[in-house]
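This is the structure I want to talk about, given as structure tokens.
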Amino acid sequence: MRHEPNGLQAPDRPWRSRLHEVIFEADTFAGKAFDLILILSIALSVLAVVLDSVASVHARWGDELLIAEWAFTVLFSIEYALRIVSVRKPFRYVWSFFGMVDLLAILPTYISLVVPGSQYLLVIRVLRVLRIFRVLKLANYLNEARQLTAAMRSSRRKITVFLFTVLTLVVVLGSLMYMIEGEESGFTSIPQSVYWAIVTLTTVGYGDISPITPLGKALAAVVMILGYGIIAVPTGIVTVELSRASAGRISTQACELCGAEGHDSDAAYCKHCGARL
Amino acid sequence: MRHEPNGLQAPDRPWRSRLHEVIFEADTFAGKAFDLILILSIALSVLAVVLDSVASVHARWGDELLIAEWAFTVLFSIEYALRIVSVRKPFRYVWSFFGMVDLLAILPTYISLVVPGSQYLLVIRVLRVLRIFRVLKLANYLNEARQLTAAMRSSRRKITVFLFTVLTLVVVLGSLMYMIEGEESGFTSIPQSVYWAIVTLTTVGYGDISPITPLGKALAAVVMILGYGIIAVPTGIVTVELSRASAGRISTQACELCGAEGHDSDAAYCKHCGARL
Amino acid sequence: MRHEPNGLQAPDRPWRSRLHEVIFEADTFAGKAFDLILILSIALSVLAVVLDSVASVHARWGDELLIAEWAFTVLFSIEYALRIVSVRKPFRYVWSFFGMVDLLAILPTYISLVVPGSQYLLVIRVLRVLRIFRVLKLANYLNEARQLTAAMRSSRRKITVFLFTVLTLVVVLGSLMYMIEGEESGFTSIPQSVYWAIVTLTTVGYGDISPITPLGKALAAVVMILGYGIIAVPTGIVTVELSRASAGRISTQACELCGAEGHDSDAAYCKHCGARL
Amino acid sequence: MRHEPNGLQAPDRPWRSRLHEVIFEADTFAGKAFDLILILSIALSVLAVVLDSVASVHARWGDELLIAEWAFTVLFSIEYALRIVSVRKPFRYVWSFFGMVDLLAILPTYISLVVPGSQYLLVIRVLRVLRIFRVLKLANYLNEARQLTAAMRSSRRKITVFLFTVLTLVVVLGSLMYMIEGEESGFTSIPQSVYWAIVTLTTVGYGDISPITPLGKALAAVVMILGYGIIAVPTGIVTVELSRASAGRISTQACELCGAEGHDSDAAYCKHCGARL
């Protein structure tokens, strides 16, 4: 999103491009200072929302926190407006991930005027803290994050298959358990039993619902060992992909002709349609 | 199961092969439409069974859901009959995985006339949803699923040895715990203690039974650390096999033009010079 | 332990070597039959011990199970005697892993005459079932088991370091928690708190003891995330070693001169002292 | 920290360097004996602190344990003084990891004169036991520990990104849950709900707080499956790094006699022809 100043754009350079540099970039002193203050404000505003939810704090500092919340919201609203103004393609920004987060970070306060309680949604602001990686110019961190994301993306399909299988499994196992245990043990309905199956398969094991009959316990044991075993699958998938990403084999480039992804980093031509990358 | 039309088979082509194409394949428009409607019906019918198990829903919509259940069952029964008719080797289909699932998806309703409550077995219908991978022609997903299955199959023996060892372990540990803790702590019998050992070793930890005596807690701590450690074994096994299966994606083909090797097995063009492979 | 029949041993071949063949080997029909009957007996005797611990079963079938227990014990005692007689180096057998297990499988019944309740130790018999791998000539399974064991052995040191660190960690964390939470929350002593730390770090989470104060919950959260993270370490260790064992890189050979292990499978000379392997 | 005796340092060699050899090194008999006695004392003193926290032991042996605690503290204080005296750069030692631990191992007893209860901090002494690796000259263990540490260090950034994402996630999920479930289910504040989110995401699952409403259970199920899945990430990261660290054990050296490559980095002789490397 960097400017490529040319004759036509020259007139609005003075203020718009400078504003853009301060708000969106972190290369200049002003840009860095702006971002650091912003992150600090975000952290403080999230802390205010979190603390306000504690009854004893709310009783003692409720009014102060309310003022702080509005102050931060007004501040972030101004910032949001400035971002829209300073960007050359406002819609692109508005619909981008951070554009959405920036909007969601101010909306709840206004909505809370109509729907009380919705101000807790403000914690979504915490997502804005993720900008920290850019601010601190943590290129290395960004690189690591990109490797993680790439590994996730290329294991996307395998994980979908895995999740689909797990979901099918918990529906079947939950229903079986509902028929075996019945309502006396807390398995009051199939959705409830599916919830139990998820709690057990993922080895969370709250213990709010647990089998009582011998047959139910036997099935539960099977579910546990299953869950203990199949956790190996996502782990194996991610490890293999990370190992590849780490070896630098897969680039994030997409073919311009056919749109295919997953090319090796040393590829010069698309392996699907033969177009130059 | 594709047709290889020849002179002898020609007579019954008109209706049987067309029916087969619609029901079993998903290449034509009719075939795709049929499969999509089928999957939607399956999802709806599973939802109906699941919702019917919730007491409040049953009280309010019980009759409607019963009618829906019978409607879906009749529909699926007709579909099952059509599948048998349209296939050239009916027995092969009947005994195949999906053939069994298709049958199990209608049986419980009929059985529930005799044995009340068995209709919840209908959730087995959810397995039919797995056809979705074929319908959407998600060849890539199928490929991933095949890799996962292959990795599972080739780690079959190692996992058997592992499971056998774990089962032996929980029997011994459970019995020890039964002798140490006794009935006061809830360890009322060896099967019960083995159940506890499984709950603990798999790190599920319901807390419905937990040791009270210091010696029992010490042994429990050993079981936990054991379980925490040996989860590494199935994970290691699957990762190694997945890594192999994944490595199998690189073909041994060399480009005829530039001689480069190391192409992915799904590559159609050389990634270095763009020539057809 | 196979016989190398020579002139001197010829006289006692008729009965001793034949007995050995039946009892210890599984190549002949008699040997196979003996082993299969043995494993069946073991499974039945373990089942008897397990069932006898269930109060309702004991009340109803107690006498029958007691008789069965003694019958199996006498049978296994005879078998144990025959094993000692048929083997050329009895002491070697007696002190071997299976020799110990075979003895432990009969001792508890005799001890229970003096110390009531000790008969539950009989479940140790379940370990004898591990002979099944030999009986069924599951050479492939044995091979897989050997790979697993080799991977375990070569990751022995890393796992020791890991366990040592974890144990140090839970002692420190448990003590901290004891000071923070105190006796009101169930953290009645440091050993108790260390037990809690193990329950939490291994992500078992019974919930029989859990923090109540905010500070305690904060520390607990740290322990959980720690446990969630460091499970990666044993998994990583075992995966790497399994990957090596699977690649066939490490042989189980030890140098005859310096006793060093961990040689590559293609090694012809000891890498530490240069002696021929 | 070994001495490089030269003319200027000669005068103080007699006692200081000898003291250093006994206290800091473990090559001589005196050095080994000193370290073994030290580790035994540490283990005993930690055991004393741990046992003293058990009410029944304190009631019976409280006075004896108090005397033991002071005896150990005086002993360790003398040892600490000797270490400072015997070292040529005392400040470097004082600020080193073990220097800090050595100080923290004696401070709590003195502080407990002013602040009762702080003596439990003495368990930090357990960290001193880590010296055992050096004492027993477990060079191999040190090597393994170094590999583990190296893997950890090089995966530091990826793990930071991962932890940051997880923390952001639990704040958002906890807040959502606070809004959905409310105070009746035990979700009394956002910090409390974040604690629940951590308990659930890490699959610990105490069950002290668990959702009651259907919507809350649905969200909890999502959190569980998320936690079950993303544990794959740290595992994958550490496995890849360990695999690299482990691969680093193969040196690039080639045998001068037979030219074979791929020797382990600890190899002294060629594994193919037995020649010195």
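For reference, chains read A, B, C and D in written order, and residue numbers begin at 1 within each chain.
Keep this in mind: a contact is a pair of C-beta atoms (placed from the backbone, for glycine too) under 8 Å apart; a residue touches a chain by one contact, two chains touch by 3 or more.
The model shown is predicted, which means the values in this text are computed figures rather than measured ones.
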Interface sides of chain A and chain D: same vs different residues, half threshold: different
Chain at maximum distance from chain D, centres defined as averaged CA atoms: B
Separation of mean Cα positions, chain D and chain B [Å, integer]: 42
Centroid distance [mean C-alpha coordinates] between chain C and chain B, Å: 32
Touching two or more other chains - residue numbers and ranges from chain D: 191, 194, 203-207, 227, 231, 235, 237, 239, 243
Complex interface listing, chain C residues touching chain D: 157-158, 160-162, 164, 168, 171-172, 175, 178-179, 188-191, 194, 200, 203-207, 210, 214, 217-218, 220-221, 224-225, 227-229, 231-233, 235-237, 239-240, 243-244, 263-264, 266-276
Contact footprint of chain C on chain A as seen in their complex: 203-207, 235, 239
Contact footprint of chain D on chain A as seen in their complex: 46, 49-50, 53-55, 117-118, 120-121, 123-124, 126-127, 129-130, 133, 140-141, 144-145, 147-148, 151, 159, 163, 166, 191-192, 194-195, 198-199, 201-208, 227, 231, 234-235, 237-239, 241-243, 246
